[in-house]
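Structure incoming, see below.
Chain IDs A, B, C and D follow the sequence of writing; residue 1 opens each chain.
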Amino acid sequence: MNLIQRLDKGPIICAEGYLFAMERRGYLSAGAFVPEVVIEHPEVVTQLHREFIRAGSDVVQAFTYYGHREKLRIIGKEHLLEKLQKNALQIARYAREEFPELDLMVCGDVANTNVYDPNDSSSLKQCQKMYEEQIQWAKEAGVDFVIAETINWVEEMKIALKTIKQEKLIAVTNFAIPRGDLTRDGYTPSDACKMMEDEGADVVGLNCYRGPKMTMKFLDEIKDKVTCHVSALPVPYRTTEKEPGFLNIIDEGCDCIPGGNAFPVALDNLFCNRYEMGEFAKECSEKNINFIGICCGAEPHHVREMSMAIGKKPISMKYAPDMSKHFHHGNDSTLRDINKKITY
Amino acid sequence: MNLIQRLDKGPIICAEGYLFAMERRGYLSAGAFVPEVVIEHPEVVTQLHREFIRAGSDVVQAFTYYGHREKLRIIGKEHLLEKLQKNALQIARYAREEFPELDLMVCGDVANTNVYDPNDSSSLKQCQKMYEEQIQWAKEAGVDFVIAETINWVEEMKIALKTIKQEKLIAVTNFAIPRGDLTRDGYTPSDACKMMEDEGADVVGLNCYRGPKMTMKFLDEIKDKVTCHVSALPVPYRTTEKEPGFLNIIDEGCDCIPGGNAFPVALDNLFCNRYEMGEFAKECSEKNINFIGICCGAEPHHVREMSMAIGKKPISMKYAPDMSKHFHHGNDSTLRDINKKITY
Amino acid sequence: MNLIQRLDKGPIICAEGYLFAMERRGYLSAGAFVPEVVIEHPEVVTQLHREFIRAGSDVVQAFTYYGHREKLRIIGKEHLLEKLQKNALQIARYAREEFPELDLMVCGDVANTNVYDPNDSSSLKQCQKMYEEQIQWAKEAGVDFVIAETINWVEEMKIALKTIKQEKLIAVTNFAIPRGDLTRDGYTPSDACKMMEDEGADVVGLNCYRGPKMTMKFLDEIKDKVTCHVSALPVPYRTTEKEPGFLNIIDEGCDCIPGGNAFPVALDNLFCNRYEMGEFAKECSEKNINFIGICCGAEPHHVREMSMAIGKKPISMKYAPDMSKHFHHGNDSTLRDINKKITY
Amino acid sequence: MNLIQRLDKGPIICAEGYLFAMERRGYLSAGAFVPEVVIEHPEVVTQLHREFIRAGSDVVQAFTYYGHREKLRIIGKEHLLEKLQKNALQIARYAREEFPELDLMVCGDVANTNVYDPNDSSSLKQCQKMYEEQIQWAKEAGVDFVIAETINWVEEMKIALKTIKQEKLIAVTNFAIPRGDLTRDGYTPSDACKMMEDEGADVVGLNCYRGPKMTMKFLDEIKDKVTCHVSALPVPYRTTEKEPGFLNIIDEGCDCIPGGNAFPVALDNLFCNRYEMGEFAKECSEKNINFIGICCGAEPHHVREMSMAIGKKPISMKYAPDMSKHFHHGNDSTLRDINKKITY
């Protein structure tokens, strides 16, 4: 079954967030955010794939995000582009192969190029070339589909989508919506998604920037407007109406952050817990939004709860919490009463 | 140089928090909190050691915490005790050997037995036996020192300390202080620490339960009262005067946590960020509290910032944040202006 | 192009021998010979697929051989049947996807059931059920064709073939010929093959039991008698007119083999080298026997030589022997003469 | 316990033969025999380490053999030297870490430089530099000991040994003995070994070139002459008094080998089976030759039998042959009689 057939049968989980997770674990630098780890320490990427798969992700996303030409240019490593992309695709495939019983999908992705400028026509060609090379490598690697994501211009997304479709691949287009609740070229999320469906996208929706609540607010309208499947991959942070995205968010409880901006490396105290992410997944599922995921910030415990919340039984469910055996909170009769009597 | 000589020369970093990190990654169950992963997936524990070492931990703590007889009993696996303990020690030694240039120390640990009961004299013997077997294995493995930690009874700590000293090992004794700011047998943190120094402890201090601020409040008094080195390993959570510990803490921003208690698996939104942990480390260092660490909840990004805050240059500093190259926040002149003009 | 169209254009290579290779590498037990490794260590099977593919195998044979109901019964693991079969098929498909540039085929197989008994009519039904379930899973997995192999009863082969054809799959039927040069029900190899062609087999031929010479001796007659494509997959062992098969063969040079029989785990000194297998492949090709392979005992070096012998350029040809650079045997002028002067 | 203490307690197994195994699997080229696979496909080397460890090797030998400056020069890749050496050492360490319960040792090695020439004094300095750099990297990687091996000049071995000892590492020196039963500078194996003991070697003995019988013939005399531990690592090929080594051996049963020489890629029909290697290990053990191994040609099935022959219980013993369940040879009463009645 391909992605569409899978989504026709019910929801799937797609774990993202590789950049942030690898940054926290110490294998790439915040700012440039280039996935150099896929060259330098592929075994660490493999391990993260494993954790997400065990937690219930049905998709193994090749860690090509931000491994594109513009990102490599800014750190002076464009010569590594092809190796990085191909390594990432291979690592993803190898990770899938460790779990033959799971019927996982591997996907490639393309993302915001950071060079698109509607007023600079040369930038459009540059985008297209960037997308072409990445999608070509993804196709050669035999991916099941390609996600175009974290893009906030409808016109940039069109270029990405057209390039995916030229290769006859299944396309998921996910917009990241800035503060004004519109794409940067002024479309509502639902209009932008509808335009992508009309251009041939197989799945349309949102990812990144916003937490579960600020993402959910657009989903009904998108679902109403399009006939194809809808995707939703928020970041696991508590963004609000006042601060709907995480790119310029402040953490009021802390004055020790250099520059004052919690993004990207001091977001810890804004984290959603696993249950909030589980609720998001469940609500999506009830609304027949079937491509459910999580973006920057995700850890395996979030993913597992999302998977379990929609009724799946991921491998690491074996280690789901069971407080009955906790020395203080537990109710197992063989635990000592003396540790339960006080409030610590 | 042994631990004491190292501390005489200046601060060291000790990363803990293996249980929580492995729980989030999906390799052990919250509640029982038994480190089964050291038997089932040693390579995953090795990877976490690597991350902490790369982030600047000077100590590789064998992941024997809660791999003790009482914990294994409650999950019906006492027969795995010796294998689990020995594997954990071996994994720690191997991780050290990966970094021969770093002069790392390996430590064993013993912890709250959860069976100690001052009113049950048989429990004292049980504690002692539990400590004896663990410390014996640690000694055979050639550890540099042993930490007795997360203990909140002075009398239980005495048993642990005595057992370590009988094996002629260097001992660090770390109390976890409950809500009333006293050990469970009624001693202030500084009195408890002083008693341990008098009984032969080489390093005395605090770990777990409390975040950096609620730990810091006791440190001056401890430092004043003892002459030996002092240790401090808070949890990276924002606990408060009202809720000084994390064992019974509530997250006001979320009503979807089963049972309502944020501990232990919904603490995400109470996290400290890396800079708060860095500030804690710096303040300790300025006060000549030289055994500086972090407990349950720690991720490598916290550890790296603590290491850098006291002037060290850990391996993963290579990947410290550098926002100058961020497409939106960066000031690199080759980045496109169009991505900087708006607030996302 | 399907298998037949491929064979119409020229020879293809099909590497088999998974059981023996995995036994030598320590992942399954000789005797029972059940491919448990596909459940316990899928990554090891994947690696063997990779090696065979890199060496030039055009076919990725799912490692379902002897993962059937009777084999699982004898080790008390019938409950693993479906998982084992499906894993094996998935592993094969994933391995193919690693090499999208190669146009590989994936095949399923059914084999000697070990329960067929012409004098026990109930055994025929049992065979049929065993074949049905395996072929059903193979079909669901989208295999390009199914091989029925190592069968030495014409009647048993008929059941297998009929079952494959009921699923409208392309069928290859390979007999294993015992010592008397006849199937166990008394047909010559060429008559048996002709009967299969008449029953609808797409490719007919021989596999297993016999080395290249003892297999080759039947091929001309088979080729003469049938009009469809012919297959030949000998074992890489030097069997002789006196001992045409390897099931009861003796190694005269060794008296330390328990039981005295070289089969199955002391056949080492009877091995064919790569060049003998290359010659076999070349001779087949010259005779328009186009489904060329190798069975129990195969290692990747045999397969590569077979592929190269028929004019192909497999991936691992990059590492074909080049003795010019050998310190003793080489003729590179920069090598030291002193190492060439003596006979070691 | 270090190597010497381990040997004092009894025999250990050391699996070698990485070059030949990787050549057969298609990851490096015979002739140049450079272990490029440690850079290009480290996961394949890891897998071979795993197989040897599971089979009972107590030593994980970093695959640095022939990854030296002269070998890289001949293929024009000297710039890869440091990366290759360091990768190999890291791969070995990582493999060990997967098996914390086994107490494995990691060793480095240095080998025949192929540049040593007694008549060219500049070659001595060249040797020394080659040994120095390799041993330095091995030391930095924290190896437990270093093997100097496959060397057939006493004077070259002295340089290797001296360099190892300057780094205060434990040294094993293994000579490869050419056809005339003497080192190339004319010493008997036992005299050569004795000289090395006198120069400070911790273990002395033989490796490579010769099969088990042609190696065994020297061992009594060596054992008699030295007081330190003795090592023996033959190749698993049936070499004879007439052809004691494998470098210039002929396979009489085959006329299709290019050049006519069975070495190095057509040795298959000269293989020893597992039981012969088991007998060799057992005999060594009975003679208190405690560093027992196997060299070029080894596969995991040989190693496992050697380990079991000296009374050990390696992991893959779980899959040791058990012919009772074989459809034809087995005696399990539930097997069908019809398959046992004939001789195939």
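Definition applied: a residue touches a chain if its C-beta (ideal position, glycine included) is under 8 Å from a C-beta of that chain, and two chains touch if they have at least 3 such contacts.
From a predicted model like this one, the values you see are computed outputs, not experimental measurements.
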Taking shared numbers over all numbers used, above half giving same and below half different, the chain A and chain C interface sides are different
In terms of mean CA position, the chain most removed from chain C is B
Chain C and chain D have mean C-alpha positions lying a whole-number Å distance apart equal to 31
When centres are defined as mean Cα positions, the distance from chain A to chain D in whole Å is 48
So, in whole Å, the Cα centroid of chain A is separated from that of chain C by 44
Among chain C residues, those touching two or more other chains are 43
Listed in rising order, chain C residues that touch chain D in their complex are 23-33, 43-44, 47, 51, 54-55, 73-75, 112, 114-115, 117, 119, 178-179, 184, 209, 236, 238, 245, 247-248, 251, 253-254, 256-259, 261-276, 278-279, 299-301, 304, 315-316, 318-330, 332, 334-336, 338-339, 342-344
Listed in rising order, chain C residues that touch chain A in their complex are 38, 42-43, 46, 83, 86-88, 90-91, 94-95, 97-98, 100-101
Chain D residues touching chain B in their complex are 90, 93-94, 96-101, 103, 139-142
